[in-house]
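Note that chain A is present in both complexes that follow, paired respectively with chain B and with chain C.
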Partner chain A sequence: MTIPSFHLFIQTLILGVLVGGVYALMSSGLTLIFGVMRVINVAHGAILILGAFITYVLFQNFQIDPIVSIVITMPLLFGVGWLIQRYILSRIESPEQTSVLVTFALALIMEGILGAIFHTTIRSVKPDYATDAIILASYRFPVTRLMGFASALIVILCLNLILYYTNIGRAIRATMQDPRAAQLVGINVSKISAFAFALGVSTAAAGGSLLSMIYSFNPSSQTDWIAKTLSIIVLGGMGSLPGALVAALILGVMEQLTAIMITLYWSPIVFYFFLFITLIIRPQGLMGEIIREKG
Partner chain B sequence: MEKIRIAKVVLPIVLLGILLVYPLVETSQYYQHIMVMTLMAAVMASSWNIIGGYAGYTSLGHAAFFGLGGYLVAWTHNEYGWHPFVSTWFLALVVAGVALAVGWIALRTQGSAFVVVTIAVIFIFRLLALNLSAITNGAQGLTQPRPGWGGVQWSPELMKVPFHYIMLLLLCLTIYSSWRIRQSKFGMGLIAIREDEGKAEAVGIDTMLYKVLAFGISAYFIGVAGGIYSYFFTYIDPGFVFDIFVSVTMVLIAILGGRGTLWGPVLGAFIMQPLANWVVSEFGGTQIHLTVFGGILLFVMLFMPQGILPALNEFLMRWNSKTRSASAN
Partner chain C sequence: MKSKIWKLMISLAILSLLITACGAPATEAPAATDAPTQPPATDAPSQPAATEAPAEAPIKIGASLPLTGDFSEPGSAAKKGYEVWVDVVNGSGGLLGRPVELVLYDNASDPDTAVADYERLITQDEVDLVVGPFSSRLVIPTSEVAAKYGYAFPEPAGGAPGVFDRGLTNIFFCQPAPSDQQAIPFADFVLGLPEDTRPKTFAVITNDDPFSVAVVESVEKLLVEGGLTLVLKETYPPDTQDFSSLAAKVADLDPDLLVGGTQFEDSVGQIKAYQQAGYQPRGAVFTTGPGLPTEFKEALGDGTEGVFAPISWFEASTTETNPEFVAAYHEKFGDEPIAEDSANAFTVGQVLQQAVENTQSVDNAVLIEEMHSATFTTVVGPLSFDEAGRPAGSYMVLQWQGDAYVIVAPDFAKQAEPAWPKPNW
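On to the complex of A and B.
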């Protein structure tokens, strides 16, 4: 273990917060879906990678900037998410028990198709500014990460605006609190579920677009992203949106710190370490409620 | 009813008889190979069934115990010359010990959180296997010498036969244990936990102890299978064994045949494993085989989540009562 200098420490914090913002975007949809439907969407990682591949294709063929392509990937995968919920997830009876296997099946189907088209070659999207960085008070701010962070913030802000200032958002939050009571006051819970799932999937699409320029990926890297995003929402408290944001920042920073203090190879262990500690000390996570019922 | 009872005794004996002579009659290496893999799938699904079926805790982490068994056997074989056919039975006790510790933490959670934790367990083991390269040789994995006994290598034509019989022995032991557990107070306790954990606790069952024990036992047979597997292929690497796919395969097999039943996982294995082999040989060149497997999983989860055996049982019961009422008239 190496103790970093003060300068390196601050630099690492900066990078951690920037990457944490993107993690926050990636996991916000996952926790939203769980909150509304009690479904653990294991296909979330595959959707991120799908978003990344769409961005890749748009960049290679039409030179569309990854940030701009969010405008395309989000509505596209919103539709896909709607269809998945409407025709597959709405059929399962006890989501806590079976949703994991059903969504894992969807993840495999997507991974297989992506693998058949793009093979296992590792790819990434490299816009002109990929290696640029802004230097501010002797600290480096890589442009891709800065833009990723900013876009993530904007999408999260929009998500919050929808949830807190629109009728459909109120209906989603009501369903999160108590689906039966929501139904009683006249909310069409199955429609809300479809909307919430599609919304969650579209944030993952945006996350995928950002992922494509920050990380390299191939179809099978989806499993790494499932593990990361699941750990974040467990730490934050499953179903809690603010919890996911805080947890994403914590884990983003801790991951970067581990990478420089121990080695890069061990940095993913941070996620599982926090996952286990959370479950032992505080099973409800930072901001969640205790999940006691068994599906 | 009498007929069903007789069938329950006769069918397993017939099955055992067929499996005993199988490698003598079927000399094709390809089909012998598929049978070894099918027996292994039956062992893993039956063993998973003890925690996943009886106690109702859907663990997706059992691939970790499969891989751990495989790595322990491969490592001790290369390092100390322990023969896998002997060592795997003892090394799987270590696996079960690790599973008890993992279970002690993981089983504090329920439902969704439990599934998430068990997924994380696989990733932790993968990370360890990738990074503790002094023992595991990192991403390259461990290779073992070609199978044999007492310094003599088995001839290539007969290579699969010993593996067939040791896997069959393991399957018999697994089913026997599963049957004994189901008959016992311990098994009743597990089923009570599945039905209503709160009430089970209220009537005096030490639910935590029961669950952790079931978790450990179910890891044992999977650990043994992992040890035999790593010798069968003489090769093991982190990406292949520490994969959710391995866990999901055993869960799918157990659910397809009938989760929580004694013979369901065996039936599921005999359907699923040959099918999986066909899919891989047909589409293995591309990644499309993942899509096909995912499609099968989706189909089973949506249209037959009950499994084959419970559905068959229900059908027989209805048919039975119908014929009885017909004869009464």
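On to the complex of A and C.
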């Protein structure tokens, strides 16, 4: 273990927070979907990669900036999410249990289709500013990560505005708290579920657009991302949006610090380490609530 | 119900016995005229046994390459090299008057799959000869399979020490020098720089791959002996994507020289991260990646400027048979620049071809003996092998200058003066 210089330590914190913001966006949809539907969307990683590939195609063919393409990927995958919920998830019995299998199948199908189209070549989106960095008091803020962080914050903010200041958001939160009671007060729970699922998927699409310019990816990268995002929402507390945000920042920073203080070899393990610790010590996560099995 | 299942199982068992019984002799018969990329296993039983004219039966040469996965870029380049060689041989009357047919599998960069592929090539497809996959990670396990069946194993890209130190005598590494000697010309170049511009500190950043590690460790040893100080050595998993914190750490130490042990993707990932971190070394060398003429430029744009790399071959080289190879390649695949890996695969073919022609035999034991004793004319120059299959020769050093790379050392292949210190990336 090496003790970094103060400058390197701060620089690494900056990188960790920036990447943590993007992680937060990527996992917010996953935790939202779980909160509303008690469904673990194992296809979340595949949707991230799908978003990244759409962004890649838009950039290669029409030179659309990856940040701008969020405006396209989000509504597009909102539609896809809506269809998945309406025509697949809502038709299965006891979604709490079987949804893992169904969404796992969806992930494999998406990976297969993307693989057939794009092969396994590793790709990334390279806007002009891909290697630029903004220097502030001798600290470097890579432009792609800075823009990724800012966009992630904006999308998360919008998500919160929807959840807290719109009727549909209130309905979503009511459903999160108690679906049966929500139904009793006149909320159409199945419609709300479809909306929430689609909303969750569309935030993954935005995450995918950002991923495409920060990381390189191929269809099978989805497995890395579902592992990371699941670890984040378990640490944050399944179903808790603020929890996901905090956990994403913690894991982003820890991952980067591990790389400089121990070795880069160990940084992917940080996620699993925290996953195990959480499950052993505090299974409900940082901000989650204990869910009792329904009788 | 139960008896039905039993009947089904018994009939299936009989059927499978029948199929294997028919299949075994049938493989001696010519299966297909055109070299298929996937051998049609179901074709075989249609023609029970070869009746005559074995001289016209193709010589089947088996290979398993990483056409997908981590090594897909160099693996696909190697495939092209093998294909060009098959075309050239068949265009000039074949081997010993028989056409050559390539039986090729994709091992998805997975060592277990590669091992299974070679088992299948030798025992089921019954190929006459085999040629190697790409990179030490796959060559090490697959060469054991070839050795088990007594097959000669000329291979284009497995030159790590681990390839040669297992007491096998069937391996022939068809590049100018073993991996651990690849970057020696670069180390010589650095140590030969005048005192005032010679780097004083260096960092080694390598992925955990036997090939990369072997190359960088030999450079590291030479540089340390030459008086340079190693300020940082980091090993990372082969699938690492996020180099930002590592780059911040390197930038913080600011070594004069960077030695990167890379495949293709991570060389790009490292350089991008160094650009973002604002790290500008006096020199930077990466083991693999910069040698891919199109892909490296496409991935990095101006980021390629001044980057060094060891290379076994370059397109404009005037070694005997190289111009013919270059022409045949462009005729088949168009104007795209030729990757080094294609040339290395072609070299494998050349060694095999000359061994077969010298001995007038496709007996692997005879070929192995010939490969140990003869000197072969190849596109990377004259090649001979020691008892463990190590080639004797020297690599070259390339440097990216503008839109392409040029050979800057050693003197026998030099095309241009090296730019030192390297321009900013």
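Definition applied: the second predicted complex is superposed on the first by the 292 of 295 C-alpha atoms of A that agree within 3 Å, B and C clash if a C-alpha of one lies under 4 Å from a C-alpha of the other, contacts with A are read in each partner's own complex, and residues count from 1 in each chain.
To be clear about the criterion, a contact is a pair of C-beta atoms (placed from the backbone, for glycine too) under 8 Å apart; a residue touches a chain by one contact, two chains touch by 3 or more.
Since we're looking at a predicted model, the values are computed, not measured.
Trainee: Have a look and say if chain B or chain C is in touch with more residues of chain A.
Mentor: B
Trainee: In the overlaid three-chain picture, which partner chain does A:Ile122 touch, first (chain B) or second (chain C), both, or neither?
Mentor: second
Trainee: Looking at A:Leu106, would you say it contacts chain B, chain C, both, or neither? Reply first, second, both or neither.
Mentor: A:Leu106: touches chain B, not chain C.
Trainee: Looking at the overlay, what does A:Pro268 touch: chain B (first), chain C (second), both, or neither?
Mentor: both
Trainee: Does the superposition put A:Leu8 against chain B (first), chain C (second), both, or neither?
Mentor: second
Trainee: Indicate the residue numbers of chain A shared between its chain B interface and its chain C interface, in ascending order.
Mentor: Correct list for chain A: 119-120, 265, 268.
Trainee: Report the residues of chain B in contact with chain A in the complex, numbered from low to high.
Mentor: Within the complex, chain B contacts chain A at residues 56, 58, 60, 105-106, 108-113, 115-117, 119-120, 123-124, 127, 130-131, 197, 243-245, 248, 251-252, 255, 286-295, 297-298, 301-302, 305.
Trainee: What residues of chain A sit close enough to touch chain B in their complex?
Mentor: My answer: residues 34, 38, 40, 42, 88, 91-93, 96-102, 104-109, 111-116, 119-120, 219, 223, 226-227, 230-231, 234, 238, 265-266, 268-269, 271-272, 275-276, 279-280, 283, 291-295.
Trainee: Can you check the complex and tell me which residues of chain C touch chain A?
Mentor: 68-69, 72-73, 108, 208, 234-237, 240-246, 248-249, 251-252, 265, 268-269, 272, 275-278, 299, 301, 303
Trainee: Inside the complex, what are the residues of chain A that reach chain C?
Mentor: Touching chain C from chain A are residues 4-5, 7-8, 11-12, 15-16, 19, 119-122, 126, 130-133, 135, 140, 142, 144-145, 215-216, 255-257, 259-260, 263-265, 267-268.
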